[in-house]
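After this come two complexes, each holding subunit A, first together with subunit B and then together with subunit C.
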Partner chain A sequence: MSQHSTKKGELDFPVRLRDKETKRQKTGVYFKRKVGWLFVIVSIIAITIFNFYPMVQAFLLSFQSGMGANLEYVGFDNWRRLFGDPTFIAALTNTSIYLLIQVPLMIVLALFFSVLLNDPKLKFRGFFRIAIFLPCVTSLVAYSVVFKYLFGIDGIVNLFLLNFGFISETINFLADPVWAKVVIILAITWRWTGYNMIFYLAALQNVDKSIYEAARIDGANSIQQFFQITVPMLKPIILFTSITSTIGTLQIFDEIVNITNGGPGNATISISQYIYNLSFEYTPDFGYASTVSYVIVILVIILSIIQFRVAGEKK
Partner chain B sequence: MKKFYLMLVLLIGMAVLAACSSGDEEASEGSGSEGSSDVDSITIWAWDPAFNIAALEKAKEAYDGDGEYEVDVIENAQDDIIQKLNTGLSSGTTNGMPNIVLIEDYRAQSFLQAYPDAFHPLTDVINSDDFAEYKIATTSFEDEQYGLPFDSGVAALYVRTDYLEEAGYTVEDVTNITWDEYIEIGKDVKEATGKNMLTLDPNDLAPVRMMIQTNGSWYVDEDGSTPNLADNESLEKAFETYKKMMDADIAKIVSDWSQFVGAFNSGDVASVPTGNWITPSVKQAADQSGNWAVVPMPRLDMEGAVNASNLGGSSWYVLNVDGKEQAADFMLNTFGSNPDLYQTLVKEIGALGTYSPAAEGDAYAVEDEFFGGQQLITDLSAWTDEIPAVNYGLHTYAIEDILVTGMQDYLNGAELTTVLENVQGQAEAQLK
Partner chain C sequence: MKTFKRIFIYTFLSLAAIVSIFPFLWMLVSITNKSVDVTRGRLLPGTHLIENMKTLFATVDIVPALINSTIIAVITTILTLLLASLAGYGFEIHRSRGKDIVFTVLLLSMMIPFAAIMVPLYRMFGSISDTAPLIGIDSLGAVILPTATTAFFIFFFRQNTKMFPKDLVEAGRIDGLSEIGVFFRIYMPTMKTTYAAAAIISFMNSWNNYLWPLVILQSPEKRTIPLLISNLGSSYSPDYGVIMSAIVIATLPTALVFFLMQKHFVAGMMGSVKG
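Let's look at the complex of A and B:
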């Protein structure tokens, strides 16, 4: 029915109005559907042109290779090349490490803060909420540069650790493969925890207080309340935030480029930065770059399916 | 569930689109490609307002041809220019492309080969014998001269004479030396003054690049694309030298540009081996005036190596779009044939060109008090002519990223031959 042209539908309408009751109702439904389609058709066309068409083109591109404009189809060569490419494997490993450590860390922290800040007896609640949310409004580049200087060899972190006797000589955080990753993870966690916390805070407003009251009467302590009530009630939001965070972390680019530029060596390079390097830093090979891009697509799909299964939205 | 997947697909689509769309946005300004071949105005893209843009403004003033057109100079960051050129040229449309663009020499070959026909040859426009020989090698392709060579990246060793003196050395002792001798002097300097000899950034192999070019060698073979790493004796020697500097503990480790500049401005290091474009940054520390001297780059301790090398530098390219004749005319009548312009550039901007006839001018002979009265520009200009010409080829930055990892392994104790064979294998796998 959606295939009917809208023009025809409009013409039909007045005639059918005079028909029997049941038929009129039916036509009304059709009419409403057509009008509905009219509303969405604009965005559908726009999405098709600006989203799906480029996606298909990028997919075709991922089977081509060559310098700049001299692209030719190479079949599955790019995919084969992918698995023997040490830089890609390093980028994939680094991104997975960020993902596995940072996302759970951030989700747990955000949950923890939101429960603390939801306590009506807490003083200066507004101040703390703003303080934790504030990092999210800072520019990605600006905060990355600040982190870079904080952890520089004569940065404030080193000075602090040195003056309080935690270390005997300065640590070159950004030149050490392990520390550099730690700095990146700290930076992203600082930037995005508040963002996720806001979702939990909003969801917590909708949890009925009487549930907690009943739990208290039954003798549940606050830890039990947290795990038995808060977490299950927030499950859909936890799922949502973990998926958006996963996608965000898979695409991480700004922080890496500005804090370490992928270094030392390849120790912090991410998949997105590698895509950028393949396209603009080295002699451009857009074909291979889009093959690497599609790896992110595939990863996002797989990880989201897993998260859905684990979080168990029953159909 | 289904809705979620649809959302997901949309999200991914948006991400892909966002990744693809950046770069074209501002491209619509600038030259038009419709209509006749002559245009009313030509557009030039370049970066660095204090250097390249300033040079263009001087060139506009100095233009002495009889073409009638406006010249629009548009400043962009270098990274942005690379992105816009790549996206624009690979889309096959010349819309929004500039008439003239500045390209770094290390990247020139990759643009010339990745986009054949996108650039307008200047073979018949300029006389390539007028320019430093090493620049011609990197700016030409298949017997055609495409680039108009601009600034010299001649490398030099900036030294603190007061620190050297304290350690019992004179400027002569560091003139025309090898890197091995340099390291020995560095050890003595550190012992006498407690200062490090130089800064090193583990993520930046510029010293290695400068070292191998003293011996006429590069990361790739002369064809410009075959990686030349495993059996490259110069590279082997450069790696060994780099490690020696680390082991001798004469290097202050830095991780970015501001730390690098800060190290010599604050007097933490006794020398700076780098491109001559560092001169204005060295001079920033006015209180150190008279304590600096500039000597030729140390060479690799090998047969055939010379005390001259290069780091960075860029050249002008005319794009094959409407207005190309006018763009070529502008280039010819400014940077291509006007020695006076180069005097202005040296005097007012401190930009050293590679146009040989300019070297006889007065501005080149000025004595620089900051460097103890040295005729700095004359010296640099003379060294420029001795730089061994190499074909930088297509893959300088790609190979360097691989080498940086290899260098880490080597510094951490891996066998050098194994490391170089490894990087050779990686480079061959990655560069096709």
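Let's look at the complex of A and C:
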């Protein structure tokens, strides 16, 4: 009897408590939601003002033309002008060359290094890692100036090649349209390979060693292991690094300006440098500059979609 | 076959290490040599270090540039850490469907190429130059503002907040802390390593930023370190010893940060992908 009543009392009490709690939680959740917005609102406003609003402005500008502040709407004139503009074509071609050669070269090198450096039996592993990562601590401008001097006509690269008999007379690397591009590609690869390598090294830590063991028993050699195990296992991180590298190389500016300044002629000019020149070096034409800048936007979108598709398909 | 493979691997890695390190060695050797010796390809340390430094400080305005760069990098880093961690915390701890949508939209801003918004930004700061000169064209404020809030760091903090024990938030509430109080009193001290990693990346980005300061800063006394080095590098009769000295001085802070906080540095890079 008494037991029964206690049970009943026990039952009653928690129910009532729970009712109260839900009520408090409901107002709590409502309050929390409002407070939650307080945490994020400043960033939302700032990113809207400094990123999204300028994007809209640039889009509107791309249909305007005129010098400096005297802009008027000209419809699709700027867009038509793009295809007949030799400097734009040069900038687009150069940027595409950098992208198509540099990004794959760097990703393959970084993957290769990371696989070699992941071997625990390798001697001087720490030294090699730090050495290859070291270029990442330099600022883009600083290393660009160093590369400019290294590859100068009286630079140390020329001296080295001459002394060891690789060439019979000095090469003016930065004054030759092809060599200048090669120097730019080498420079970017020098600066960023170690950076990407770190991502792969970290990802390799999570790959189960027994998979390689099994592959070895099945008779797969190192090259087969690399393509059939390592690359598929690292696919998400390879995708991530390809996208960030692609976006980075599409916007390349610091290296070009400081190594060759776009020259000789327009042999190394990039899209970003052309936008800068159109806006701040030549008579400012903000409208046309914005049109050119939207080409980068479109390229970023298209290339990201392609990379996602490629990575998705092979799954 | 096995020894052949090993020889190949060590040769390959040694070559890569030499190529990676050589420009640094060359920089360090060059600051101790005369300009003529640098062009002669001298690779041994010389005795001209003090002379080069003296010429650098006497002929180049490196001190104001260092001061400007430091001011910009420090303020940018503080603002970035504060705003991005608040937002990352808000998006993760006070999660709601509306906020998740907003977060995805914010992430899209990471895809925006800076060259595409540089002209409108320049015009925007130009239009407020007269009313608010402190954040107008040719002001350090204008360098800081657009770089102080980036979706990347919000994403970074949100990713790291996923590992933050949510019980602590409850505990803080029970102890009577306000929502903001939980953030400042509990979240911030617990997430020290995340803040350290974000601080390193933010400081380095800001210290090395080139394009936006180049656009927005005009007077020579406002110049930052990358602008100064770029300017030195484009001179027609370069004094290599002096220029290399400037480059070494400019690289020292970031190199030091890297060596002292290597773990945080790598953790910071990783924080941007995991999750």
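By definition in this document, the second predicted complex is superposed on the first by the 266 of 315 C-alpha atoms of A that agree within 3 Å, B and C clash if a C-alpha of one lies under 4 Å from a C-alpha of the other, contacts with A are read in each partner's own complex, and residues count from 1 in each chain.
We adopt the following convention: a residue touches a chain if its C-beta (ideal position, glycine included) is under 8 Å from a C-beta of that chain, and two chains touch if they have at least 3 such contacts.
For clarity, every value in this text was computed on a predicted model and none was experimentally measured.
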Put subunit B and subunit C onto subunit A via the superposition and say whether they clash or fit. clash
With the two structures laid over each other on chain A, which partner does A:Phe308 touch: subunit B (first), subunit C (second), both, or neither? first
Quick check for you: in the superposed arrangement, does A:Pro135 touch first (subunit B), second (subunit C), both or neither? second
So, A:Gly265: does it touch subunit B (first), subunit C (second), both, or neither? first
Which partner does A:Asn172 contact after superposing on A: first (subunit B), second (subunit C), both, neither? first
A:Phe83 in the overlay: touching subunit B, subunit C, both, or neither? Say first, second, both or neither. neither
Quick one: classify A:Thr283 as touching subunit B (first), subunit C (second), both or neither. first
First (subunit B), second (subunit C), both or neither touched by A:Ser293: both
First, second, both or neither for A:Ile247, with subunit B first and subunit C second: both
Given the touch rule stated above, what does A:Leu159 touch, subunit B (first), subunit C (second), both, or neither? second
Could you let me know whether more residues of subunit A are touched by subunit B or by subunit C? C
Taking the options 55-63, 91-99 or 145-153, which segment of subunit B carries the C-alpha atoms that clash with subunit C in the overlay? 91-99
Could you pull out which residues of subunit A sit against subunit B in one structure and against subunit C in the other? 47, 50-52, 54-55, 58, 148, 247, 251, 261, 275, 279-280, 286, 293, 297, 300-301, 304
Along subunit A, where are the residues that touch subunit C in the complex? 32-33, 35-40, 42-44, 46-47, 50-55, 57-58, 61, 113, 116-117, 122-123, 127-128, 131-132, 134-150, 154, 156, 159-160, 190, 194-195, 198-199, 202, 222, 237, 240, 247, 250-251, 253-254, 257-258, 261, 271-272, 275-276, 279-280, 286, 289-290, 293-294, 296-297, 300-301, 304
Once bound in the complex, which stretches of subunit C touch subunit A? 5, 9-10, 12-13, 16-17, 19-21, 23-24, 26-27, 39, 41, 43, 83-84, 86-87, 89-91, 93-96, 99, 102, 106, 109, 111-124, 145-146, 148-151, 154, 179-180, 183, 207-208, 210-211, 214-215, 225-226, 229-230, 232-234, 238, 240, 243-244, 247, 250-251, 254-255, 258, 266, 269-270, 273
Can you check the complex and tell me which residues of subunit B touch subunit A? 1, 4, 8, 10-17, 19-20, 79, 82-83, 86, 89-90, 92, 110-111, 113-116, 118, 202-203, 253, 255-256, 259, 394-395, 397-398, 401-402, 404-405, 407-408, 426, 429-430, 432
In their complex, what parts of subunit A are in touch with subunit B? 47, 50-52, 54-55, 58, 65, 67-70, 81, 84-87, 148, 152-153, 172, 174-175, 247, 251, 261-266, 275, 277, 279-284, 286, 293, 297, 300-301, 304, 308, 313, 315
